[in-house]
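Okay, got some structures for you below.
In the two assemblies presented below, chain A is common to both, partnered first by chain B and then by chain C.
Moving on to the complex of A and B:
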């Protein structure tokens, strides 16, 4: 009786980490190349952008909200950075700052729609998602942006992606092996540590968790609930735009068709994160592990020659299993009721 | 000779290592009101949960009208005729649905017919509502009703099941005197119809009015049965607590200088303006019915709403808080009523629940939390309040109601305040916890003004130096808590302010 109880407890806490370890071992046995440093870095690189987006959406989940606009914010940042450099001829720093400001502004508008206009969070950010998906295509009349493209007003674009900007997505640091670690992976790790520290170690993170758990109680404790909710969406928008910048730097062009999967992957990572260490609530560490889990799974399947079109199905299945871990097994349904 | 409706024998239930019920034997007779008394943690809630099919017993038997009764679910218990009205109001109603749908919810759920006949539903709902004296438009959503009416809806809904056993778990805690009397009349009628009634309450006034017999529970066992008339109320309380209760003697200290001064305060349009002064080293209780304006006053003092008219001064300076945050920074704290709704953060352990309003005190550079500082405060407050727990990292929901209440009150006692407002600090707590909380509030009151809002006059008498009566959103009377004229207090509680405007 007592032993069963402990086993369940153990499964809830470590089940997902063990499952991930099992995957790594399984893939390594089937395909020894899986365990190489390059393969490991490739996994990290493949999840860097969705991981950053997922950390942003985690902030909104913590306050009991949800940001569906992150994918559209990222692709908007992708188009805006390309537009800024190729058509307005701006430098890398200006382009990056412009995109981050755009992301923060979208987050601010999302937040104000939710706290001032009382639009439910899912609907407000869904509306913002559609708005941005349309808006980002207007300036170029629906075309992708690259050097030498013909402009709607006549003439051709003469600007180029600056080298400094492209480095953000392509530069690799020497670490043990030459040219091993891409800059984007460093960004992911630094942002993950920052978001984790903010949510777990500071009073602001504490307050945001209190709001997500019982907003009424937080408000009656003298906390500026609306301010913190807006802040969560600003964080989410800013991180999403940074993800878009990295994507633009990797692609080297303003591609209208890229970034379709960003929302699904990021949300999946954040929700899988609920199950890590039995947290049963949004948390930065879990989100990072969730992103890594999806990356390992897809990399392994790719190396085993699984067809690409099975990927979304597998991601969805993993997400469902993770949610069962969180809500059914742990029996802590604090978040399940909302 | 009354017929035995329910016979419970040797019932046990454990959670992990915790033996909550240790062999309960209890017989409930048809046509009799059995009052069940017990401190929090005595096992009352678990017993009720087993009877209404939420949990299964580990061992022991229950027979209902001679047949074994082992409900697998709340719906099964309901079909067998065991109806439960829970303490927390929103358990029993779906706030978004209209009254008619709520009253017929169980029939809708069992789905006898697929298509709803609106007109027939409304007629049936009106009949059910009428039977409990609930007079509302059945097409209104329940969320628009007053709290007391919501509870009547949940009770009315239970009534529609022709119960064999009716369990009422502190049903009067949010009802006004008139509504309570309406409920009691209903209970009288059901008793006459031969329904067995198990009534759980801490309110002596309810118990005196209703009880045919009293059963006391303590530590998972029945510790006393009191059946011979006149009932031995003191004995029942003794059996429940395991020791004699002593009346709290209030020793009124000299009041200090004024902290809060209100002039010409109008809490809602049309209410009579009133003045109010609260002093340092003084505990003032405001009593009055649900809806008399006690909470409206708290909301004004705490910056949740602005008064219609009038001005406030705090320590002589003008005071018009724009938000609770401003009020807290000015030293005005509010411990809100309905702890699960307004105070408890369910995902947090008890330390984090205590430190929530004052995170700045425990934060270092960059807002980083200093856990040691938090733990020190939590340990101190656990000791001061006598919170029964394994340690400061216990999840708040693992504590009993009384201990949860101690934690949310401790939250506001941990820092010095100018004015501490406690709105129903004794809501849903047992007598022992109530005494602990009251004692701690009085002990710490020297350097601030303290305002306690409670609907129960008993509670006000236990804690206050001065008792104010509120009625119709205005002050209807003021009494020094010494040789108090209870008849006058009661009259002021129920009088209308119409003939009283100042």
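Moving on to the complex of A and C:
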């Protein structure tokens, strides 16, 4: 009996990582091009944006909240950065700062709606999502933004995406191979380390977990619960707007998009993260692995010519399995959500 | 008497100036266009294409002087059908149905016809003989782009193909692609991929990167939708393969023109129908129906081929200049009756 018990325990802790390893081996056998440094870096690049968004969601999940507006914040930042550079002729630094400020402001408003106006998390951020999806289209009357576009008031836009801004999404560092690592991947890794460090190593992070498991107890222990909850949404909004900046730098134009797919992919990554190492709670390391897992799956399947709907199917299946890992298996050992 | 005759002919001459509208005397009900109410009932509205389509509808409606009401169902099929009923209740004389699903729109369209309202459908088949269908010819779009690919690249190449089944215009473009593959056995399709995940260009770029690293021998990518082409171009640039891969696509926008004109751009040609022109044709077709003229079962707006070389030669940088310098793009001589006023250029 004891041996069986250990096996379950082992499966819960390392099952997901082993599954990922198995996938990598499987794809490499089927398509040797899969196992190259470039392919590996590319997987990271493809998940950089959703990964950064997912880390933001993780921050809100930790305090027991949920941010549905991140996809819309990201696409709003995409439009805002394009608007700032193409129509207002601003430089890269101003555009980035403006977007980050917008993200932080949206996060702040979300947070205040939730703690001051007592609107439930899902509803407040849902409202914000729709608001932003509409708002980002108003200045251009629903058109995408690109250099040379005709302005609603007549005339054409003369500004361009500055080189420095485009570098954020396109510049590659020499690492082992020439031009190997895109900056966006570096950002993902740095942000993942920062969020992980903040949540796991600082007092603030532990306080946030305490709020997530029992807000009332945390409050009685003298913690400024509302302050930390607002902080979580500000982190989430800021990271989402940063994801949008990277998206704009990659696309090189202000693309009209709802961002719903970004939201869903980011939430999936964060939820898959619950299962990594049997954590059974939101955590930055798991979120990063979750995003990577989805990236590996999609890259491998695309290389094997699998059509897009099988990819959605498999993404969904992975999420369901991950949630079963988290809630059923972990719960049985009494290590469920505290 | 003479002076009076001169006066009348003078008046006629002046009336000729602003257009043909008053010269021949517009038929009823356009002799009093302010009283004519038409409705545009949309299924799809987000994106450059639909925005431009709407502007075409608005301009032509304004040129005719009719009252236009826009209903936007935002991809809600049931709501779109309800909106047709709403338009009927409002007492409009004509309805343009823009996209939608056959199943949900068929009955609603029939109710409108039964109420004596003239109906035109754009890019949706409502299976009703009384309703003409305005179409941009997707098969011609694909054919023009592919013929240019054959001209540039010869008859033997390795291809990547971007396609998402189940979307009517893409399905029609796909038919042409299949015909071309059969006609030119030298074309080998190495990979097929595609997704409609938003933002489409970003998602397709991710896929295209995988495809290109798995199949570095791909020479031509046929991406018959400009969002797809954008995504492929991002991937080609990121992989440093701009010199090795040529992209052929369909549709165009200001952003696309900039991408095609980048130095060393791999995006070689696109075939496009101006969505604004399609919007204008939709309104004119409806106007012909209202005036009691006969209209065929399908009204096809012909596409234009736009190549990278052309854009560079004519130094075209946005849609307005494209219209000004490629006249074929800005006006289609389709569904034009002599009494109609066309939008000002």
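Convention: the second predicted complex is superposed on the first by the 327 of 338 C-alpha atoms of A that agree within 3 Å, B and C clash if a C-alpha of one lies under 4 Å from a C-alpha of the other, contacts with A are read in each partner's own complex, and residues count from 1 in each chain.
Heads up, the rule we're going with is that a contact is a pair of C-beta atoms (placed from the backbone, for glycine too) under 8 Å apart; a residue touches a chain by one contact, two chains touch by 3 or more.
Bear in mind the structure is a predicted one, so any value in this text is a computation, not a measurement.
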Looking at the overlay on chain A, is there a clash between chain B and chain C, or do the two fit? fit
Of the partners chain B and chain C, which touch A:158 in the superposed model: first, second, both, neither? neither
Check the residue A:250 against both partner chains and state whether it touches chain B (first), chain C (second), both, or neither. second
Just chain B (first), just chain C (second), both, or neither: which does A:213 touch? first
What is the contact status of A:75 with respect to chain B (first) and chain C (second): first, second, both, or neither? second
First (chain B), second (chain C), both or neither: which does A:147 touch? second
Max touched-residue count on chain A (chain B vs chain C) belongs to chain C
According to the stated criteria, A:310 is in contact with first (chain B), second (chain C), both, or neither; which is it? neither
What does the superposition give for the shortest Cα distance from chain B to chain C, in Å? 32
Overlap the chain B and chain C contact sets on chain A and report the shared residues. none
Provide the residue numbers of chain A that touch chain C in the complex, in ascending order. 31, 33-34, 36, 38-39, 42, 45-46, 49, 75, 78, 141-144, 146-150, 156, 170, 179, 182, 247, 250-253, 255-262, 298-300, 302-303, 305, 307-308, 311
Listed in rising order, the residues of chain A that touch chain B in the complex are 5, 201-204, 206-207, 209-210, 212-214, 216-224, 281, 334-335
Applying the document's contact rule, which stretches of chain C touch chain A when the two form their complex? 45-48, 51, 164-165, 191-203, 205-207, 209-211, 213-214, 216, 230, 234, 237-238, 240, 253-255, 257-259, 317-320
As the complex stands, chain B meets chain A at residues 16, 302, 323-325, 327-329, 334, 336, 341-348, 352, 356-357, 359-360, 362-363, 366-369, 411
